[in-house]
Every structure is written in structure tokens, then in C-alpha cells.
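Comments concern the structure below.
Naming follows writing order (A, B, C and D), and every chain is counted from residue 1.
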Amino acid sequence: MTVARTVELEGHIIDSGTMGMCFGVVMDMGGEFEVEEFEVGRHKHAETYCRMRVMAETEEELRAILHELNQQGATVADPRDATLEAAPEDGVVPVEFYSTTNHPTYVRVDGEYVEVEDVEMDCALIVERAGPEYPQEVGDGDDADDGESDDGTRVYTKVLNAVEEGDLVVTGETGIRVEPPERPRNGGGSFGFMQGGVSSERPSASLIEEIANEMREVRENDGNVLVVCGPAIVHSGGRNALADIVRAGYIDGLSAGNGFAVHDLERDLYGTSLGVDTESLEHPRKGHKHHIYTISEIARLGGIEAAVDDGIIDEGVMYECIENEVPYVLAGSIRDDGPLPDTITDSLEAQDAIREQAQEADLVLMLSTLLHSVAVGNCLPSTTKTVCVDINPATVTQLLDRGSAQAIGMVTDIGTFIPMLRDELLE
Amino acid sequence: MTVARTVELEGHIIDSGTMGMCFGVVMDMGGEFEVEEFEVGRHKHAETYCRMRVMAETEEELRAILHELNQQGATVADPRDATLEAAPEDGVVPVEFYSTTNHPTYVRVDGEYVEVEDVEMDCALIVERAGPEYPQEVGDGDDADDGESDDGTRVYTKVLNAVEEGDLVVTGETGIRVEPPERPRNGGGSFGFMQGGVSSERPSASLIEEIANEMREVRENDGNVLVVCGPAIVHSGGRNALADIVRAGYIDGLSAGNGFAVHDLERDLYGTSLGVDTESLEHPRKGHKHHIYTISEIARLGGIEAAVDDGIIDEGVMYECIENEVPYVLAGSIRDDGPLPDTITDSLEAQDAIREQAQEADLVLMLSTLLHSVAVGNCLPSTTKTVCVDINPATVTQLLDRGSAQAIGMVTDIGTFIPMLRDELLE
Amino acid sequence: MTVARTVELEGHIIDSGTMGMCFGVVMDMGGEFEVEEFEVGRHKHAETYCRMRVMAETEEELRAILHELNQQGATVADPRDATLEAAPEDGVVPVEFYSTTNHPTYVRVDGEYVEVEDVEMDCALIVERAGPEYPQEVGDGDDADDGESDDGTRVYTKVLNAVEEGDLVVTGETGIRVEPPERPRNGGGSFGFMQGGVSSERPSASLIEEIANEMREVRENDGNVLVVCGPAIVHSGGRNALADIVRAGYIDGLSAGNGFAVHDLERDLYGTSLGVDTESLEHPRKGHKHHIYTISEIARLGGIEAAVDDGIIDEGVMYECIENEVPYVLAGSIRDDGPLPDTITDSLEAQDAIREQAQEADLVLMLSTLLHSVAVGNCLPSTTKTVCVDINPATVTQLLDRGSAQAIGMVTDIGTFIPMLRDELLE
Amino acid sequence: MTVARTVELEGHIIDSGTMGMCFGVVMDMGGEFEVEEFEVGRHKHAETYCRMRVMAETEEELRAILHELNQQGATVADPRDATLEAAPEDGVVPVEFYSTTNHPTYVRVDGEYVEVEDVEMDCALIVERAGPEYPQEVGDGDDADDGESDDGTRVYTKVLNAVEEGDLVVTGETGIRVEPPERPRNGGGSFGFMQGGVSSERPSASLIEEIANEMREVRENDGNVLVVCGPAIVHSGGRNALADIVRAGYIDGLSAGNGFAVHDLERDLYGTSLGVDTESLEHPRKGHKHHIYTISEIARLGGIEAAVDDGIIDEGVMYECIENEVPYVLAGSIRDDGPLPDTITDSLEAQDAIREQAQEADLVLMLSTLLHSVAVGNCLPSTTKTVCVDINPATVTQLLDRGSAQAIGMVTDIGTFIPMLRDELLE
């Protein structure tokens, strides 16, 4: 072992798994470690501190190990500023660019740690220094939490396609501090800590009760609940119950695809016109004529809001969103029919709209859609609580794996889940 | 084509798919057909008649084709008696034995068609002629439906291991008439006809309502509802609701494994003794100490009934079965702990007990267990209605594929399904 | 029953299931039928003819029934031209527009049946009459198969968003003839006929052999093989084998998402630069730095082709596509990183590119991607052969359900499937 | 917190996760901890030592916490003997009986730690003291590893149904030391450490290579490979390749159900007699006549071995087992047809036979059967390496969850896996 570097860890690093993972990372990647100082947290609320020397055969191996350790929460001990390099052109990052996690992150610029704004994984970190070109905003110098340092320096994430030539991009691993979530001291309540699997062992009804409680709590705290919706909600008969939940004010944003909205509107259009109970309406046979005509009709009127204003659409999830001023994003995909005029067909534009929704959310309900849930999940910090519901266990596992530190995964039928959740919330 | 034989079909054979399948079978198996007579059913209630000549290159190929056609409902036109051959020894059938379907079947013996008793698939057909040794029962001569001919001849199914040396076993394909289910003229109501897939398109809540209606109807007609239960019922929190359904008198028989019963009893034993709400009781951590101890405790008392009598067990599904005299079968398997004294550890003995339950049932609810549902399904005639509920679509598909002509398949969460079914039934 | 109409069916309508389905449709939808004439096909190659009167209570019900019957292949007997109505505005269809199936379709215009060009499901049918504004093309009058009548009238499909104000759209059900696929007389070979399920019973190795044979046959006939690729191909280690297959000339088009291409290129970039065996290259740990950097690097160079020209990319699937002039479409989605410059981010534009690929294909291999396979499948006529391979049975079932009349569905591991297919093709 | 106890942990307890889990257990279960001494392992090979005081509100809560901690590897510091209590009757354990893990376990009897023989989870620990009734075996006093102390005292596991009245059963948590597996210092090679998920990211072909290497290594060390087989092996076409692997001497034991053996034998019987290639033999259509007749035929001959001796069976997996003297266990279940004379129909008897196989195994391949794999897995110590292969990810996850510390989970098609494994092993 010819090269070495010292890193530090601090916090509830034993029971949160951080310490063990760091030892594991070094061994798995062919390095060695030497613990120089270790002060165990002697009781529940005491933090543990560890300083260790990490050794590797080559600089390249050491860098790779340090990159991993950093993402787990270890910080290079040496108190130097982060290195910065200008983006060579639009949409291009320097070779050693630092790729973000979704954990709270701090970057040392000019001797001070600046919190990263809008942290999101797989992004570049852009530093924007205060100065003549970037005049300091007035009265904002004392708030460390907004990602702006005392002198107005900002650090924020940019997805690759937003990087512009000349942007100052953080590279390497020095001067970057990541704070992965820690195991909550109080057990964490209904939300599991870093739960990679699925709570199959918890009874469904009591899980639904816990989710309802969480939604109520978020509402009481003026928080923001984002619901991500797949078309199975309509097929399985959960639509009316979801509309009730929106009307009752539990939802602050809706993210879905064109298909969900069309199915929802189609129920209304054909349920109304044919005078049948929309919940028991049998799905049209093979042909999708009603589906296409629904889109055509909404297009003719100029969009969903216009259709509501016209009185053509007078119930359902989209209707309640418009009536209750719940903003929605309909993101297009290559399997769409139509699409509706409301649907954003460009994927980058749609991602930007989703990103905005995600950053505002305090609780995200992901209901029976892998595509849209992944898109939302990609934009979420690890501190946002999520609830992932799907009939397919693989979908739930995949969403939990990439996601939040506090998540409930539930493998259930959305057609029974939403009515039971509605009853819990509204009764 | 050097060999030929004539077969006949009659009934709603076009829309039930029989006719098409028969043409297909002949073509797929390398034969030829020549329709000799065809009288189409000109309206909904009129039956179609077809007589066709089937040709093949060899006798062996022709036999194989005729075997398939017979199972689809085509009858060899030639009005001869079925051929019979004595079983050479216990558990052994003649080489050309006729292997049963699960459809109503009639065998021609001594010039008369006798209905097969207790029809079940993959069995041998045993003919028991009336005579000095088999004295004709009095006053039973005029009832053709009980599988006994006028002179007391009986034909019934035997599984292989029940075949005894000397049993007269039906062989070949002549003199056997199979009546596959026909597409109901009225649409069939909630139960699909020969539905190989899953009603994913029907809303969950309305499907549950239809199942409840069916259960009510069976009860009103003094029918028999058999419920087949997997341990997921307990894990997912459906246990109390199922106990309510049993107590309300909707269940006439229960078929399960050792695991279901132990989990149910464990909830009671530990729920009661520790004073916690049994529905929200968290599953014990990795160890299964409570599980093992529950079995030990029931064994000490001498079985479930004794434990109920002792007052040790005073709620739950097994408790309600005993209190309401609902007979149950607990079939053992190689993954069991214990097992309970009530569990039948020999698989042949368990099959016999299950067979008895299956033959009495008018409606079977298969809830979250593949093993026990297949075991029950193996013993059911195609005329018994079944409801298959599982979170795994592959399980539902597999059960529907081998099963009843009238079935509801539902991919849902048993932990939400049972409470909603209870509410439908009991509200 | 107060209203009635007469329809005709002709062909191998019994064993293809058409006749039975038509009887079923009428009964299920509350109508009545009266067979007026029925001439059964007496042997394998003889067609069946049926003329029947369909009755319903109201005109609306009758229209709904006729719509369904038409989609199954029944034609309204009355020989009248299709009704046409001008599209009221861009992207809007008349209320009674005819929504297409994916079967060969003929529309009666000015007394003559014109074949629909580029048939695709869920589209509107547009009629373009020859005349002063639409001058007849020279020398094309005698070819009935190209969807152009003798006098140059064309009928073609348009997806909703392509409909322009004033387009003559076919409405109602008269004058439209649909030809659903018939059960092949020879058994159909390896491809199942209207096979809704999955060939789980056929041994994997022999299925792969049959697929290889089909690919060879298409190549020998100068046909076109389109491969639809998901990123699992790279993760599971099937990439090198697929590159071999492309290099050997078995692939004529590739349809995928941004993710597939990035994973493929990343293997090359990092495999090459780090000198490790790309097949056993362990996936980078949680972070996706390499993934992002790959996109950045390709963007810097100006796209995949430029990267190949530069010698930066010198192996893999995308490399072989470029070297062997196999055109590819990379369609964007909201879960993409980057994306690559080659990726089409607008979903309508991407659909158009996919549509073009689909219309040229004679055989489509759908490999481990639901999203892209559905998008391609949406554009395919039912006559195109498809092979659907996925580890998830639900994906395979979904693709087979909406798809081709001749399809092989295979639930297998793409990481073992592709190497075995390569060995079959190239050994 | 009114009651307390001190526990100790030692080993690679940080990176193996033990330490973190122990802190977590105490917090989750409502207790408190106070670390009294902590000596961190300063480098890879140095062990960590921790002594901590655990506090709870009641004795009952404390016992529950200590039980959990013990199962994670913490030992009550107080050096007292384990408490023993006689089993009150056959099949009944004392209320506070110690329920085993599947980790190496030591019990303190008369001042000395005795290793538990044949450790298996969910069992009781039985102590058999040396003495007049249990005369000490000669020359065995110095071997601590064989579960016998210097004076001949033995401690071994008994499943509940084997417990006999008067057996000395270990109760409580004192005097018991459990050694959970530790993270291997060298990365562990191909087998993951406590890997709850599935190696979906590792390329299939390279995983198969690693499995082949492991099998070769076991064979070179005269180890024992047990293969657990489901019927899908035959359906999917993996049978011939498995027969080759058995013939080449890589398999030392086979565990399966009746169905696997019947399908294997049926291929041979009908493949041979009809002269068709058994691998491509199409599965018989709906009926299972061949299946039943195969059982009948084997029964007539007196069993599989007799059928091989008779020359009726001359290829396939069961044939190779008999020819190569590979012992097999066929365990019965309630869904069996027949069964074969070789099948053990009593589940307790079958479990005993499986237990014997499991205890001898050094490597277990679980191939496409949940039922039999769970039954085998129940009897395995955590130190036995396992390979779990199934097309259903839920099956693989379930097997890994309950299993070995060193396991490879692979979601793949058994019909491609076995041929590729054969090629790896035999080429």
C-alpha cells in the first residue's frame, strides 16, 4: 500500500450502518484501513467519532475508494476547498466531476462549507461565487440552510443537460461532506429506515392507517403531498376514492402520464353520457375507440381545464384537481395515444416540471406506476418520505432501493388500497 | 390417410369453442377431417350438431386424435360399449386406460350410458356391475343422475393409488361421452366462462361485491362453501375478518396447511397473553420461538379442539371453525414446523380428506395458497364455481388454467380483500 | 328486438374462433342473432360462409354490436360505401369515427374496396380521393395491394395527432371489411396462433433454435428484422452476444431507449480505458458517475457516430450498428439521464421514427423492455411476426395480448438467451 | 429503566453488521444501552470487542431483548451454566425453551462450552450429560468441535416432534453463545455475504462460471453437493444437461418431489417408446394420461431402481442417480399424482430423510422449487453455501432471506441455466 489518505466519520454511524459499510468498502475495493481514533457513542443519543487512514496501491484505486467512502458519509480529513473546474461546453462535464448522491451535501468554498441547494442524485455540483457579476442578495447572509454562504456563494445541482459552458463544476472528493440519513433514535414510526425490502409482514389495514396518519400530519403542518398516479388506478376502480381524497384537500400535487388522465376523463365522458355507474363500467372490449375519442374531444375543447369549464367533465380525479387548484404534470411517453393537449411531450421539459413538483414535496405517494415513480424519485432528496404501492413486488423493491431513507413499501391492490385509505382519511 | 373414424358433437359447440378446437386438434395432430353433416344452431338457444369423419395415417395416430377429441366433447359415433380391462395389480392400470377429464362423463355399459360418480381429472374409470355380489339398491332404478344405471351398474373415478387388482378399468375411447361446459346463454354473470386469464380490468370493489353475492346465494340454497387458506391471510391482517365470516355462517368447510393454523393460533395465544391488539401485532423477529411454542402448547393440550375447550384459544379462524362446527382439514407438508396434532402428515390420507371436502363444495374460495388450492382443484369437477385470490398473478393464472369452467380470478391483496368481503357480507 | 342488420363472415371462421366470438359478442352485448345461411367448410382447406341477422333493442346498441362484430371480421352485408366525414379541426375526429384494428382492412369508396395502407390499431382511416387536386400516379392503377384503387383513391391510417382539419375520416361501420388472421392450415410452425399465454411448456433450447431458424429464413428472403432492446441486455451480460449478431448481419433495425445505448457505450468506454474484461465488469456501486460521464463524453464528441469515427467507441451493440449501417432509433423517456445527443426527446417525434421502423419489419424481437416493445407493438400490423422475451411473465403476456397473430412468447433470462441465440445463429 | 444485564460481543462485529444490529435491537424494543467498554479492531484482521449494559423497564422486556441480542451474537456476560428443564411430555417443550438459530452455537454445561451438534433453526437444544447412563466414549475427550465436552456431554438440536418426555431442554438465554457468520476478510469471492437480494447486476454467464468453479472445488475437496430439483427442470428442457452433470460425478445427493421424478421418467418412457427426441418432445396436451401411466408402470415394476434394472428406464436424471449411486429423496405432497413407490408420503418421515441430506451437504443447488428448497433450507446451518436459481424473483429472495450466510441468488431460466452450467463443467 503506497498511497494513503485520512477520513473522518461522525454521528450514529454504528447503528445506521455507515461505519460497517465504510470498513466493507475499503476491503471490497482492495484497500486497507487503520483506525487512528475511535470514540464510541456510549448510549442512544451519543454520537460516535472515527478517524481512519485509508491505504491503496495506486492513486487511482485510492480515489475510487475515497469516492465511495464520501458517498457513504466519510469526509476527507484534510480541510481544503473543493476543486472546481469549468464545464468545457454545454452539456459536458469535466472528467473528474463529482456525481451527487441524494443526501444533504456541503461543499467547502473559500474556507466555508456551503449547503447544496435542491440536492438530487446523479447531478453535477455547480458553484456560483458572489461577486460583481453575481451581486449578493440583500438580507440573506445569515441563513446557512438555503445553500448560500455568508458572502452569497451558492452551490446547487444541475443535471447534465442543464450544464452550461463555463459553469464551475466541483471535481474530485476533497471539500465535500455528505450526510446520509441516520437511523432515527425513536424507531422511526411507520416509516422504515433504509428498508430495502417490503413490509409484507405488517397487516395491510394497519399500514394503511399509518399512511393516513402521515398524510394528516403533513396537512396539519402545511406540508405538501405529491401523488404519482398510474392508469391501474382507474382500471382497478380506485378512481372515485382518489377523487374524494383530492376533494378533501389531502393532495397538493399530481404527477402522471397521459394514459392516467385519459382513462380518468373517459370514465367521466362515457359514464355521464351513457348514464351508467362509472365504477362498474366494464372496460371497453379490445378496441380503444372511446379512449381515442376522449382525447379528440378534450383536444377540441382546448384541454382539460377548458373541458371542466365547459361542464363536459364534471367528476373524477382530473376534475377535482382543477376544481381544487391542485397543480398537475402530465408527462408524455412513446406509448401514449393522442396525447391530450395538457401532456408535455418533450421528456426534458417534462423532467423539469416533475423536478419542481418533487422539490416541493414532503410526502410522495407512488401509486401503481414504475415509470413516473422513478422519474419523480430521481429528483427527490433522501430526506423526503415516500410511500410506494404496487401489486408487483419487483416494482416496490426497485422504488425503495433507489429512494428515500424513510419509506413505506406496500405490495397491494390499488383498487382496494385507495378506497380503504379514503375511508381512513375521511370517515 | 388410411384409417378413419366418425365422431359426433352436439350443443352450443360454436360459441363454446368446442367445434373450433376439434378442427384444430385434428389439424395440429396431423390428421384430416371431412364434415359429413352440419346443422348450425340458428339462434342463441338452438344447438348445433356436427358429424365428421376423422382420418389419420396410422391407428396409433388416430387413437391419439380420438383421445383428444373425446376430451373436448366429441363422441365416437359408433354406439358400442366401453371396453373394460381388469387392473393387473394394486395401483396399476392397463396400458390403454382412459384418463379422465374433470367434466361430466358418461360411460356406455351393457348398452346404456351410466354417469360417472365423483368425476375428477387424471383418474381411472372403474365399472362396478350389478349382480349377485352387488345387489341392486331398492328404489333407485329411475334416477339416471346418480351415476347408477337402472340395473345398479356404477361407474366411478379412482386415483391411481386406490386402484385395486381386478378392478374393471375403462380403456380406449369408445363408449365414453364427455360434456365440457358450454358458454352460458345468459352471459354467465360474474363468473367468466373458461377464462384463462385474470379479470384485471374489472374494478376490485365491484368484483368483491359479486363474490359476496355469490356466497349469499349459495347459502340461501343450502349450498356448501369451502375456503382454502394460506398463512398470508394471517400475516396480511385478514384473519379477524375471516373469523367474522366464519362466525356469520358463510363457510361450510376449511382446507389449509399446518402453517395457517399455527399462525392463527399464535396470534390468539400471544395476543391474549401479552394484551396487545392482535391485528397490529408485529410479526416476531427472525426467530420463530412463539411459532414453535404455540405448536408445543396445542400438542400438550391434545389438539385445537381441546385448546378451545380449555379456553386457551378463544378467538380466530380455527376457534370459529370449532365453535361453529365447520369441519376443517389441515394437510401436512415437508416445510411444516411441528406439526399440530390435528395435521394429517401423510399426503395420501390428506388427499382423501381434501377429496371429500371438494366433492361436497358448490363454491370454493382459494385464498393465497398455491399448494392447497392445487390439491383441492385436482379433486373438483369443472362444474364447481371457484374464486381464486392471490397477490401473484402467476398463481391465479395457474389455478384458473386447470380449473373450473366458471371462475373468478382476482389478483389482489388478501389483507384488504378479506376485510372488504366481510364488510360486503355482514354490513 | 326492434332493429336489425345482416352481416356476413367467410373463411376458416370456425377453427380461427371468429364464428364463436361473433355469436358470443352478440349474446354478451344483449343482442340476438338468427343464422340465415351457413355453409360449413367440410375439410381443412374449405372455407365456411355464414350470413346472419343481428338484432338489438336500440340503434345505439346495434351500432355497438356491429362495431365489435366488424372488428372480429364480420362485414355488414349491405354493399354501401363507407361514410366519410371531414375532421373538424387538427387533432380532432368526428364523433362516429371508425377506430382501426391492426388487421388488414378494406374500405369501400365509390363502389370499390380499397386496401388500407400501413394498417395500425387505434387510428382513424383517412380517404384521399383521386381527382384534380390529387392527380393519379402513372402506371399504378393495376396493383390492388398497395392501398390504392384503380382511380388512385387511397385509404390510410392516421394517429389522432396527425389528423388535419378537413381530412376525410371514415365513420360508422358500413363499407369496412376487416380480415383477422386465420389459424394457419399447417399448424403454424414455431409461432403460435393468437396465443395469449406463454410457451412455458416448450423447452427453452428448442425454442431458441426455432427463433434462430426464423431469423435465418427472414434474412434469406431479404426480410427485415427489428430488435427492440432494454438495458437489462447489458446488465445481464447479453451485450457482446448481441453485438456479434448485429455484426453477422441478422439485424436490420434497432429500437431502444437512451438507457440501453448509454449502458452499452459505458461498457466500452470504461472497459477499454480500464483494461478490464467488459463482460465481467462489475456494475459501478450506487453512484452513477460513469453513466453520466459517458453521456457527457458522447455529447462532447457530437454523438455516437462521431464517437465511433473518433475511435473512442470501438465495440458493442451501438458500435456494430454504426459499422454495419443498421439504423437505430433511441427514444427518450422521463427517467433518462442526459440524454445522449442521438436520443429523440419528443415522444411524438420518437413515435414517428418508431412507426417507420415497425412498418418495415417482417420479424420483431422484443428483448426485455416493456415500454419500447409496447411502443413498437402499437405500430405493427397483426401480420408481423413477433418474438417477446422477458424474465417477467406479466410483460410477455401483455405484449402477446396486444400483438401479432403469430408470436413466440418466452419467459427467460436475456443474459442466457442472447448467448445461446448467438451460438445457434453463428456456429 | 429498572432492570439491566451486561452482554459482550467480539469479532468483526462492525462490518458484519452485528454491532449496529445490536444497538438497533435495543432501541427498537424500547430498551437503553450503555457501552461500558469498546475496543475497535484497528485494521482488517483485528477484532472488535464490546461490553455493554442493556436496560429495560421490566424483566419480561429485558428477556425479550436479550433473546434477540443472543441470536445476533451477543452473549450474556455473566459466566453461568445454561438452565435446563425436562420436557414435560413427548412433543412438548418447556415454556422458556431456547429456540435455535442456524448459526454455530455453544452451550455452557457444567462450566464448559459444548458445541451444538447438527445445528438447525427453530429447534430445541437437548443436553445429554455423560454419566453412568451415558458412558463416556473413549479417546474423544479432546475434540471440542464435535459437540461433545471433555466428559462426554453432548448438546444437539431436536425438532419439536422429536422431543421426548424427560429430554433436558435448554431454556432462557444464559450460557448460550451464538456465532453468526462474519463478513469474509477477502471479499467472499462469488458468494455474497448475507445478501438479502439478488445479483441481478452480475452477468448471467459469469455467475454460471463461478457456480461451476465452486462445484469443481467442492468435488476436489471430496465435499458433498446436494441438488434440489423442481419439475420445471424437465418442462424447460434442462433435464438432459442435468443428467450429464450427474453422470460426470458433480452431484452427491438429489432432493425432489414425486412430480420431478415422474416427469423425468415419463420423458424416458415415452421418448424411448415413440422414438422421438426427448428434449423436443411436446408436452402432452391437457390430459395427463402419460403422466399417470408412467407412475403405474413404475409401480408395476416395483420402483425406479427396478425399472432401471429392467432396462425400461435407460436415461435421464433418475437413471443417472441410480447408475452412479447418487442417493435421492423423493418427498410427497398433497398435489402429487400416484405417487411413485419411491416417494415418501409421510411429511415427518420425508423431513428426516431431507435433514440427513442437508447435514451432509457442503454446497446446495436449489433449482426451481420453492417447496423442496425451503424444506432443505430449514435443515441447513448458516455455514453451508447455497445457490438458489428460479425464474421468479420472489422465490429467490425468500430462499436467500432464510438461508445461508454465503449464497448466490440467480433469477434465470432453468432451461438455459442447466445447459450452460453443463457446458462450463464438462467442456
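By our rule, a contact is a pair of C-beta atoms (placed from the backbone, for glycine too) under 8 Å apart; a residue touches a chain by one contact, two chains touch by 3 or more.
It should be emphasised that the depicted structure is a prediction, and the values quoted were computed from it without experimental measurement.
Residue-number overlap of contact pairs with B-D passes half for only one option from C-D, A-C or A-D: A-C. Seen from the C-alpha centroid of chain A, the farthest chain centroid is that of B. When the interfaces A-C and B-C are ranked by C-beta pairs in contact, the top one is A-C. Our note on geometry: chain B versus chain C, Cα centroid distance of 40 Å, whole angstroms. Here the CA centre of chain A is 48 Å from the CA centre of chain B. Taking each chain's centre as the mean of its C-alpha atoms, chain A lies 35 Å from chain C.
Shared interface positions of chain B, defined as residues touching 2 or more other chains, are 393-394. By the touch rule above, chain A contacts chain C in their complex via residues 67-68, 71, 88-89, 91-93, 95, 97, 99, 101, 121-122, 124, 159-161, 285-289, 291-293, 295-297, 299-300, 331-339, 345-348, 350-351, 354, 371-372, 374-375, 378, 392, 394. On the side of chain B, the complex with chain C involves touching residues 14-17, 19-21, 23-24, 27-28, 32-35, 38, 40-44, 50, 183, 185, 187, 196-197, 393-394, 397.
Contact residues on chain C toward chain D in their complex (touch as defined above): 200-206, 208, 235-238, 279-280, 282-283, 391, 411-413, 415-417, 419-420.
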